[in-house]
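Paired with chain B in one complex and with chain C in the other, chain A is shared by the two complexes that follow.
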Partner chain A sequence: MKLLFSLIVSCTISISTTAFAGSSGTKVALVPGGPHPYFAAWEKAGKDAVKDFGLGKADYKVPAEWDLSQQNELIESLVGKGYNAVLVFPGDAVGTNKILGELDDAGIPTAALAGCVEQPTKAKMCFGTDTGHSAYLGTKQLIKAMGGKGKIAHFTGFLVDPNTTLRINAVEKAVAEAGGGVEIIQVIADIDAYEPADEKINAFMAAQGGEVDGIVTTAWVPAVVASQALTNMGDKRIKMVGIDHDEVVLKAIKEGYVHGTMLQNPYGQGYIGSYVMDKIRGGCVFKANAPWKSTAQTDQFIDSGTVFVDITDVDTYVDAMRGISLDILKTFDGTYLDC
Partner chain B sequence: MTKKLPNFMFTNQFGLFCIVIIFVIIFSSITDGFTSRFNIYALSRVVAIDIMIGLAMMVVILTGGLNLALGAIGVCAAMFGGWCMETMGIPVIPSIFLILGMGSFLGYINGVITVKTGVHSFIVTLATMSIYFGLMTMLTEAEAFRRLPASFTDFGSIKLFNKYVSPLLIISVTACLTLFYLFKFTDIGRKLIAAGANPDAAELSGISVNTMFIYCHMLSGFLGAVAAIMLTTRIGAAIPSMAGQLGMDWLLPAFLAPVIGGTLLSGGKLSVFGTMLGAILVTLITNGLYLIDVGEFWIRFFLGIILLIAVILDKTREHFTLKSVIVS
Partner chain C sequence: MTITLQTLLKKDWFGLLIVVILSGILITLFKPAFLSSFNLYVLMVSTSYMLIIALAQMIIISIGQMNLSVGAIGGLVAISFSGVMEVYHLSVPLAIFIGLAIGVICGFLNGFITVKSGISAFIITLATLYIFKGINLGITEAEPFYEIPSAVKNFGNAKIGGTPIPYLIIIPIIITVLMWVLMNRTETGRHMLAYGNSVQSAELLGISSSKVVITAHVISGTLAAVAGMLVVCRLQLGTPNIGDSWLLPSFAAPVIGGAILAGGKVDVIATSLGVLIVAIISQALVIFKIDPFFVQIFLGLMILLAVFINRYREYKQEASRKVFTHD
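Showing the complex of A and B:
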């Protein structure tokens, strides 16, 4: 399903963007914080960007572990090897700034992808999901599905992920706006890996499954594990809103065990991010009056899009994400760049 | 001269030096960018930290022991330094001394528990690794210190010698020279070696073996704290995950450098310059493998293989190297 999603989105965008094709010496490295299924779409995104925009290279390079030092070492070796633009999911919201500054000093443009670094930064932009807003919308959907009252649990990602705090705060905000009818009874973080997620979520369901009325998950692996747990339990009483498009989550939505999911746009991030790096290396600069969005970490944020999908549109979600990516790409130059 | 040249050529360090040169020639020939200024500078920074981590483990291996808590000590010292500078507003220089003091203190605890209980330091430091890291996580709530003084963090970005070399490397080389002098020419250094080589004989000759072992653990903690300071200046923040979960990311370079370098796992013999060359070799291989695109996950595989080979060589090394050279 993930492959199909990537293929369909990429084919459509490729057909729509042949006009961009050209030749360039831009060699983009797409470097996530560590191994994670969310970033897998960046690989195809980079390849398609090479094909469609005539980039020299746009390669997906994964550090062996979630470790800032390893990520730094990998980036340095890639630059040594000739990559001249870097798209990075920050290993640390502030710590990554050090290497981004050094790359900028060496004339290598960089951008934060899927997660932001804190300002001041030399990163040209942060292009990703407005994770706080996505978590807020997802929680709102959950509260609506619960009838505006009940107890919810929040399962989320790595504490070192700069998005995690934003997500926790956003869920709390949505709950606070519910007017006292909704209560967060548990937040379980640092479980965006299968072993800890499986252990902690199943332990929670065993201990408090009878008390909880709703679950919101704001990271990939917890969404998968929680969907699997609800499916295995055969429990349709507990409402759940997940995140991303893992086939386990989508199947659970179709079967009615999960209410819906908040989709992100990793393919669009890698594809459009590579395009922007090439433009910047070609001499383009961001407009002084570019309509940046602000987050808690940066005021140079561009939203790569998010959309809620439930049982009514789970079969056509690809169209929604395709539309978002195309819209961003079509208007990007005019909106953000001076070339 | 004619007598000493062949002697030197039979040392483990000379063999390592030749291997380093061979790898430099190979990677320079088959990869793009290996000799670029950016890459050499980056290499100098990575190797500086790996040398320091290797030295920190080497001084405990000298006793026939191990320090699995090295990474945890480093992270604790770095986080303590971050708290001193960011939260308490203590100036940089006093904070550095406090960081070094914290590293030494945690090493001291390892040493005291090891000698008082008689339990192998492998077990003791396995336990203290979790204790130190757990305490640090509880006290800091896993929050990084990200607003350290620029005068501290900028040090890690300084470029020397036409922008080819990091000053961190100069610190590591200085540490190597100091340790060589300590073990080769000072009374306390020889006592440390004697205690590691044959504890019973050392005790009979009037050396307090327990005290020497505690000193070695303190020195290990001190050097681990130096490595932590260097890493903090490199990444610009004190972060709980800077050495991986429980500080375990430091273990592979910590073992590789001294064992490849000729320090005997059974204790009593160490090679300071061998540790330095071992760290250089490991960093070279890692960087070269990155550049020839073998895939990031294979690099760990190759480093594991190298460690295994080094340990096997450790068993046979005594028969092929000069037995009379105890410190090199």
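Showing the complex of A and C:
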């Protein structure tokens, strides 16, 4: 499904972007924090960026584990092999800045992709989902589906993920705005691996499944495992809003066990991110008055887009993401760059 | 043989059994849902594959070594098992055979390289961890396999009759019994413990070091393979992340169960109870709504406590050896 998603989005965007194609010696390394299906679309995005924008290379390279030192070692080895631009999902919101500074000193442009690093940073931008806003909107959708009242649980990912705190705060904000009718009864975090997620989510369902009215998940693995748990239980009373486009989540939406999901745009991140790195290497700079967004971590943030999908549009969600990517790309130069 | 309280108190597992019972009672007093049918099912499911993972590490600890690649083997087998069913449409029995074969080969490589190189298994399995994980990522490119046959999914999620007992726990129970027999009633098990206790003494007794080390690693690899396939049954997908979180629990349960990391002493029943204790603590952290930012502190304290207890046991055993030598 994800492959199909990437193919459809990439074909459409490629047709629309042939005018951008050029020729350059830019060799982009796209480095996630560790192995995770969310980032898989970056590989296709990099290949398409090479084809459409004439980049020398744009390769997806995965560290063997979610470990900052391993990620740093991988980046160093890639630079040693000739990569001259790096797009990285920060292994640590602060710790990643050290290597980004070293790369900048060596004249290698970098950007944080899908997650931001804390300022001050040498990253040229942070291009990703406004995770806090996505979690906020998802929780709003959940509260609406619950009829504006009830008890909810929040399942989220790695505590070291820079996005996790933002998501926890955003869910709390949406609940606070519900006017006292909604209560968060539990936050379960650090379950972005399948085995602990399965154990803890099912333990929660066993202990408190009877009293919880809604579940919001703001990380990939918890969304998959919670969708599976509700499907296995045959429970349609508990409303759930997930995140991302894993097959398990989409199937649960179609079957009515999950209310909806907040889609992110990993393909657009890799594709447009590679394009921007090439532009920076070609001499472009970000405008002094670029309309950056601010997050808790940075004030040089560009939103790669998010959209809520439920049973009514789960079959056509690709169109929505394609539209967002095209819109960003069409206006990027004029909005953000001085070339 | 008459079983008295005195003899029971000498068993490593007896104290742990008391801990399990007391913690179960304590949690139930505050949260009666702990003993609900669904919760017991969840507890047994999470115990099932962790039990095999712990036994896979325990057998390596018994020979005084460590296997850092347990999770990487399990992950590689998991994606191979699910991958051959999805991509090549192989039957479930054939996929199981391939999974087991990969586990055996990985374990054999660990043991063979350790024996032939003379380098610590810690370093060898650290290296193979990256190799096995690298193969995993090379095959999957971090993408899960989703097309799992219904029979496999059902096995991982169904209960026996109207009971809360999952089918998933049948294989771990059988393996636990077989492991108990291996370690307590067979020459191979005794040789492993003798080797773990003292390599020199074992060799003087004519025990083949190569055979012991390779056998232990092959069994460990096979058990990791079984655990990997059970996780696929449970999750209903073969994801490359399977096994990533196994390393710490694989050591925690044997150590809590009284295993001496230097080798020569392991207890299958106590290790099983160690798994149960870790699962109960994990559940309790959820049930009592511990703040997610403090969960790791509680788990860390538990591991630290287990290590201190183990160190104390080693110290006592060391002291008794000295007394024996002086006599």
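Worth a mention:
The rule is short, and it goes like this: the second predicted complex is superposed on the first by the 339 of 339 C-alpha atoms of A that agree within 3 Å, B and C clash if a C-alpha of one lies under 4 Å from a C-alpha of the other, contacts with A are read in each partner's own complex, and residues count from 1 in each chain.
Assume a contact is a pair of C-beta atoms (placed from the backbone, for glycine too) under 8 Å apart; a residue touches a chain by one contact, two chains touch by 3 or more.
Note that the structure is predicted; figures quoted are calculated from it, not measured.
In this overlay on chain A, chain B clashes with chain C. When the two structures are aligned on the shared chain, A:Glu65 is found in touch with chain B and with chain C. In the overlay built on the shared chain, the residue A:Lys98 is in contact with chain B alone; chain C does not reach it. With both structures placed on the common chain, the touch criterion links A:Asp198 to chain C but leaves chain B unconnected.
Touching more residues of chain A than its counterpart among chain B and chain C is C. After overlaying the two complexes on the shared chain, residue contacts for A:Leu159 are found with chain B and with chain C alike. Of the two partner chains placed by superposition, A:Gly323 touches none, neither chain B nor chain C. Contacts of A:Gly56 after superposition on the shared chain: neither chain B nor chain C is touched. Residue contacts after overlaying the shared chain place A:Ile188 against chain C, while chain B stays out of touching range. After superposition on chain A, the chain C segment that clashes with chain B is 111-119; the remaining candidates among 111-119, 147-155 or 183-191 show no clashing C-alpha atoms. Comparing the two complexes, residues 62, 64-66, 159 of chain A contact chain B in one case and chain C in the other.
Residues 1-3, 32, 35-37, 39-40, 43, 62, 64-66, 156, 159, 185-190, 193-196, 198-200, 202-209, 221, 224-225, 228, 232, 246-248 of chain A touch chain C in their complex. Only residues 31-34, 36, 38-39, 42, 46, 142, 144, 146-147, 153, 156-157, 231, 234-237, 239-244, 249, 286-287, 290-291, 296-297, 299-300 of chain B touch chain A when the two sit together in their complex. Within the complex formed with chain B, the residues of chain A that make contact are 61-70, 72-74, 76-82, 92-95, 97-99, 101-102, 106, 118, 159-160.
On the side of chain C, the complex with chain A involves touching residues 31, 33-34, 36, 38-39, 41-43, 45-46, 49, 130, 133-134, 137, 141-144, 146, 157, 231, 234-237, 239-242, 244-246, 279, 282-283, 286-287, 289, 291-293, 295-296.
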